[in-house]
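Each of the next two complexes has chain A plus one more chain, namely chain B in the first and chain C in the second.
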Partner chain A sequence: MKFTTKRDAFLKPLQMVAGVVERRQTLPILSNVLLRVADNIAYITGTDLEVELVARVSLESSEAGEITVPARKLVDLFRELPDGSTINVELIEQKLIIRCDRFRSSIATLPAAEFPSIDRSEISQEIEMDGTALKMLIDRTSFAMAQQDVRYFLNGMLMEVNDDEIKVVATDGHRLAMCTSEIGSSGNSVEQVIIPRKGVVELQRLVGEADGKVKIIFGANHLGVETGDFNLLTKLLDGKFPDYERVIPRGGDNVLVADRQELRHALNRTSILSNEKFRGIRVSLKAGNIQLSANNLEQEEAEENVSVDYQGESLEIGFNVGYLLDVLGVLESEQVRFTLSDANSSALLEEPGDDRSLYVVMPMKL
Partner chain B sequence: MQDVSEFPAEVVPWLKQQFQSIVEQAENNRLPHALLLGGESHLGKTSFALTFANYLLCKHSEQGQICGNCKGCHLTRAGNHPDLKLIEPVESRIIVVNTIRELVHWANQTAQQGGNKVVIIKPAEAMNVAAANALLKCLEEPVSNTVIILVSDRPGSLLATIRSRCQRILIGNPNRQQAESYLLERLSAVEDIPLLLDISRGRPLKALEMHGLGTLEQRKLLHRVLQKLWSGDLLAHEAAKQLLQSDPEQILEMLYLWLAEMIKHTQIKDFNSIKNKELSDLFNQICKVKGLTGIYRCYDHVFEQWTALLSASNPNKQLVVENVLVKFAALAPDRLN
Partner chain C sequence: MNLTRKIIHVDMDCFYAAVEMRDNPVLKSVPLAVGGASDRRGVVSTCNYIAREFGVHSAMATGYAQKLCPDLIVIPGRMKHYQQVSRQIREIFQTYTDLVEPLSLDEAYLDVSDSDLFGGSATLTAKDIRNRIKDELDLTASAGIAPNKFIAKICSEENKPDGQFVVTPDEVDDFVKSLALSKIPGVGKATLKRLESHQLYTCGDVRYWDQNKLHHTFGALGELLYKRSWGIDDRPVRTEWIRKSLSVERTFPKDIMSLQACEPEFIRLFDELKQRLERHASDRCIKNQLVKLKFSDFRSTTIERRARSLSVELFRELLPLAWLRGSDQGIRLLGLGVNFADIDHEIEQLSLFD
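Entry: the complex of A and B
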């Protein structure tokens, strides 16, 4: 294996890949990245066994081959070499020789055959969609994923494709977030996968950098996402996601529309004096006005009145304020719409005039 | 303990039949999600489990044979297979709950190489109660294509809830002929084989290990020391100092087995069939002087100290050995000086 590259073209992708590699590794080879060169393209692969990231870098000249080298050392070397320099990399007798101007180094390697890259067989479907749309899907729902729940299938995000729609759902059993987007092509078959938390985090990081189209690849055991220069693969959670449609309250008749930022600030202020553990807040709805009140174990209390557009019956309902704030934080509209039926039923939160995102928050007994 | 995670592992000859039957189960898609390999140590359970794991992870395996060339085999051989988890106690003798929680998290994800996933927990009795309970959920609601293999020297000490969720494979001792031919292929010191097998209670791998550790020399040393102790030429603490050059666990085990055999043969008055011939004279004398009760008392004491040494409490080894030797010296005829 042999290739020549510009430092600046190589460093950024290398750093992205090395970011996936965890520092504390049980298997020595996992702290390595796999370098594969073919047809004047270098493929850099890093994995922590849950997710795998492959970066593509075009090269000026090359000879094919593959090898694994310690990620940390390679990144550090490339970073410390001068800006704009040209670097020669060559594999000689199982050592990776890196030359640049008057600098020369030799790094220990491990054979490429021992590198556990994800098996890419059995691809069932590929779809292409807008990168920013995918980013919105994840940003608007990922907060609702459970953390280390024994219902392990909740520790991730459901991704569902149906004809011309892609939908993601996350829930921890107390609240649920769902976001839908158009794919732009129709006739896609139904597909349902659960992406583990780690995969969601890496995906979020990746699509945050990318613009343009991304390709989503559904495999039997993995999900792949391809942006221009990167290819992320994540393992899936092997389980059945709960029937989320059943928990979405339809037909509530008490509809409240409030200014999102105003309500958010009011909730933030009031929540300071709520019970730190349960974060309960009492919401009393009257025509045209809601009163937020909270108190804690030290008998401290706070209340605030917010004018809203509300014509329904008087109602008193408790919520975990954290759940409400999470939702208000990811929405982007001027206003927010609550749909409630009574004090014991969950609330539906939406953006008025935009039904792509939908949130369900369970009430709390206070 | 023999070296673990050495691939390619090979099933020992006396377990081939059992291995074949489990492979048949796998090929007929009738493999249970959890296996419990139970039986004494040094009978080849670990290599059984590793070979079976290798078989399950090989992409072109046929009739129990791995291909050795696919990616699965490459990764397994390099010790890097992402779908194989080997859980062993680290630094202590206990497998803690966090290790098992990580395992459960891992087990709930799809296989990285798209085939089976295999977990080997060895020894399973090293899991503490919290760890064992954390595993239960996973054992009970297995994820597809996942096989959990528990390897245990003392399956009886596992939680009943763990045992009942596994299919048990009992690993027994090989017969004498199998054991001898196995050792003949591996040892040049042919004349030692019968004795090695006797003192390893018929476990060929133990016999191999004993040969490697020079156990026969240790026996001779122990013999000499006991003789001197008995005749009053050596005091207990001096004897202990000499014995502590080798592993005290071994010494106590040897002594324990000797005493057990002694008792057995005193009961049936048949001293000719004693396997530990070197010591029979000495024991004969003891028997004459103190009778069976004396030996029993010593036997109980050695057993107590031996288990103390094996337990997690980590007693002072020198004190343990001295303690035993003092008891042993007390068996000697009363001396005036």
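Entry: the complex of A and C
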């Protein structure tokens, strides 16, 4: 194996792939990346056995071959070589020789045959959609995934395809985030998969880089996402995702519309003196005004009045302020609409005039 | 509450013995045990590593320990002195965080989640704590660093003595998966036997056992094991002791033979309970009230009922019910008390899915 590449063309894809590789591995081969060269393209692969990422880099000249090398060392070397430099890479007697100007290094390798790959399951369908639309789906919902819940299927994100629509849902059991987008093609069959947390995180990094089309490949036990330069493969969580439709409140009659940024700042300020563990905040609604108030165990307190558009009945309801701030932080509209029914029922948060994103937050008894 | 925490469990290495060896270096090179003498049926409370090589361990009868290790030097413990050293150790802890929960004289949990020391590295913090204990007190400690208490506690055993071991949030899953159930605090010999009779040896085994069956077979412990087997332990580091109950009781000079005769003592005890509640726990929510009786034959019974606030009527209802259990025996002791609601549960986050 032998190739020549520009440092700047190789470093970014290499870093993306190395990001998948777990820092501390018990199996030495898992801290390596697989380098494969064929037809003037370098394929760089990293895996943690749950998520696998392959980057493609076009080369100027090359001789085919494959080998694995420690991810960390390779990234560090490429990063420290000068911007704009040309790098020669060659496998000689099971050592990877890297040359650049007057620099030369030799790195230990492990055979490519030992590099594990995630089993590909039978593919049920492929869809193609806009990369920025996929990015929005994930950015708007991923914060609501559970972290280490015993209900392991909550530690991930539901992705659902139906005809011309794709929908993602994330929930930790206390709040739920859902975002829908058009695929751009119709007649897609119904598909429902749960992507594990790690897969979502890598996907988010990936689509942050990609503009243009992405291809999503649904398999029985895995999901693939292909952009121009990368192929991501993640295992899926099995288990039954909760019936999210059932918990989306319908027909609450107390509707409040507030300036999103103004409310966000007010909540941020008030939350400073809320109980650090529970972050509870009381919201008192009256016609045209809401009062936010919080206090902590040391009996310190804060309150703020915010003018809002509200004509409903007087109502007092408690929330974990973090859950509200998460939503207000990902929305982009000028205003935010709350639909409430009473102090023990969930609140619905939406962007007025745009029903693509929807959030449900359960209250807190304070 | 999903934020990743950084918990350090610090465990002094054979604490009492180490203090004795430090104060009298001659003891460093001999097998040493601190504990009760064999002629008074005493047991070993701590021993040094030389003694451990002979198979001596804590809670072993001193007589038996001396059989295993004939040269064993057994010295009585100086609790006052150990308490004082323990205080010095705690003062060192306090310079790193206010969130220190002592478990005994020689071990404590520290929550350093919000600490900025050493760039927020709990590993380096633990190293520094151990270095200071060594420099300032000439004693060694081991530490476990993990995202929760139970893993931290298991970790502190890994590289004992004078070592530490870290399990990062990413490693929790792998670490716990292969963890032997015997390592989980709270799983003793008897429980272990029961678990093994169901072919449950590691946390990995528990994970894939039927959760309902686990609950039915092992009750509350089953639920705890299920959580632990997934590496979950949400218990906070508690800096102060939190009262769970408050009660008052009196043993009578002569057994009381009827309920009516109890009345004056009943009133007196109730007033005392009320006063103590006002003084010590005015900010707490009562969960239930209880009446305790001890009968002439030394059997005792407790009867409790849910309550939100202290009610003399409820005690009056419970007392005859408890009395019935004694089948007309005399009453040696009468007690009245309350249990408090857990502080955490006074605020409740509602759930989306029942």
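In the analysis below, the second predicted complex is superposed on the first by the 353 of 366 C-alpha atoms of A that agree within 3 Å, B and C clash if a C-alpha of one lies under 4 Å from a C-alpha of the other, contacts with A are read in each partner's own complex, and residues count from 1 in each chain.
In the analysis below, contacts are C-beta pairs under 8 Å (C-beta built on N, C-alpha and C of every residue); 3 or more make two chains touch, one makes a residue touch a chain.
Predicted model, so just to flag it, every value in this text is computed and none were measured.
Chemist: With both structures lined up on chain A, is it a clash or a fit for chain B and chain C?
Modeler: On the superposed model, which is not a single observed complex, chain B and chain C clash.
Chemist: Given the touch rule stated above, what does A:M364 touch, chain B (first), chain C (second), both, or neither?
Modeler: second
Chemist: Which partner chains sit in contact with A:E22 here, chain B, chain C, both or neither? Use first/second/both/neither.
Modeler: Only chain C is touched by A:E22; chain B is not.
Chemist: Go through the superposed model and pick first if A:D238 touches only chain B, second if only chain C, both, or neither.
Modeler: Only chain B; A:D238 stays clear of chain C.
Chemist: Report for A:P196: first if it touches chain B alone, second if chain C alone, otherwise both or neither.
Modeler: first
Chemist: Under the stated touch criterion, which partner chain does A:F143 make contact with: chain B (first), chain C (second), both, or neither?
Modeler: neither
Chemist: Is A:I118 touching the first partner chain B, the second partner chain C, both, or neither of them?
Modeler: first
Chemist: Shared contact residues on chain A, chain B side and chain C side combined as an intersection?
Modeler: Residues 150, 152 of chain A touch both chain B and chain C.
Chemist: For the complex, which residues does chain A have touching chain C?
Modeler: It is residues 22-24, 26, 146-148, 150, 152, 171-176, 242, 247, 275, 277-278, 280, 320, 344, 346, 360, 362-366 of chain A that touch chain C.
Chemist: State the interface residues of chain B toward chain A in the complex, per the touch definition above.
Modeler: Its residues touching chain A are 71, 74-75, 78-82, 104-105, 108-115, 137, 143-144.
Chemist: For the complex, which residues does chain A have touching chain B?
Modeler: For this pair, the touching residues of chain A are 27, 29-30, 49-50, 111, 113-116, 118-119, 121-122, 150, 152-153, 196, 219-222, 235-239.
Chemist: Over in the complex, which chain C residues touch chain A? Could you list them?
Modeler: These residues of chain C touch chain A: 1-2, 4, 168, 170-172, 174, 226-227, 230-232, 236, 347-353.
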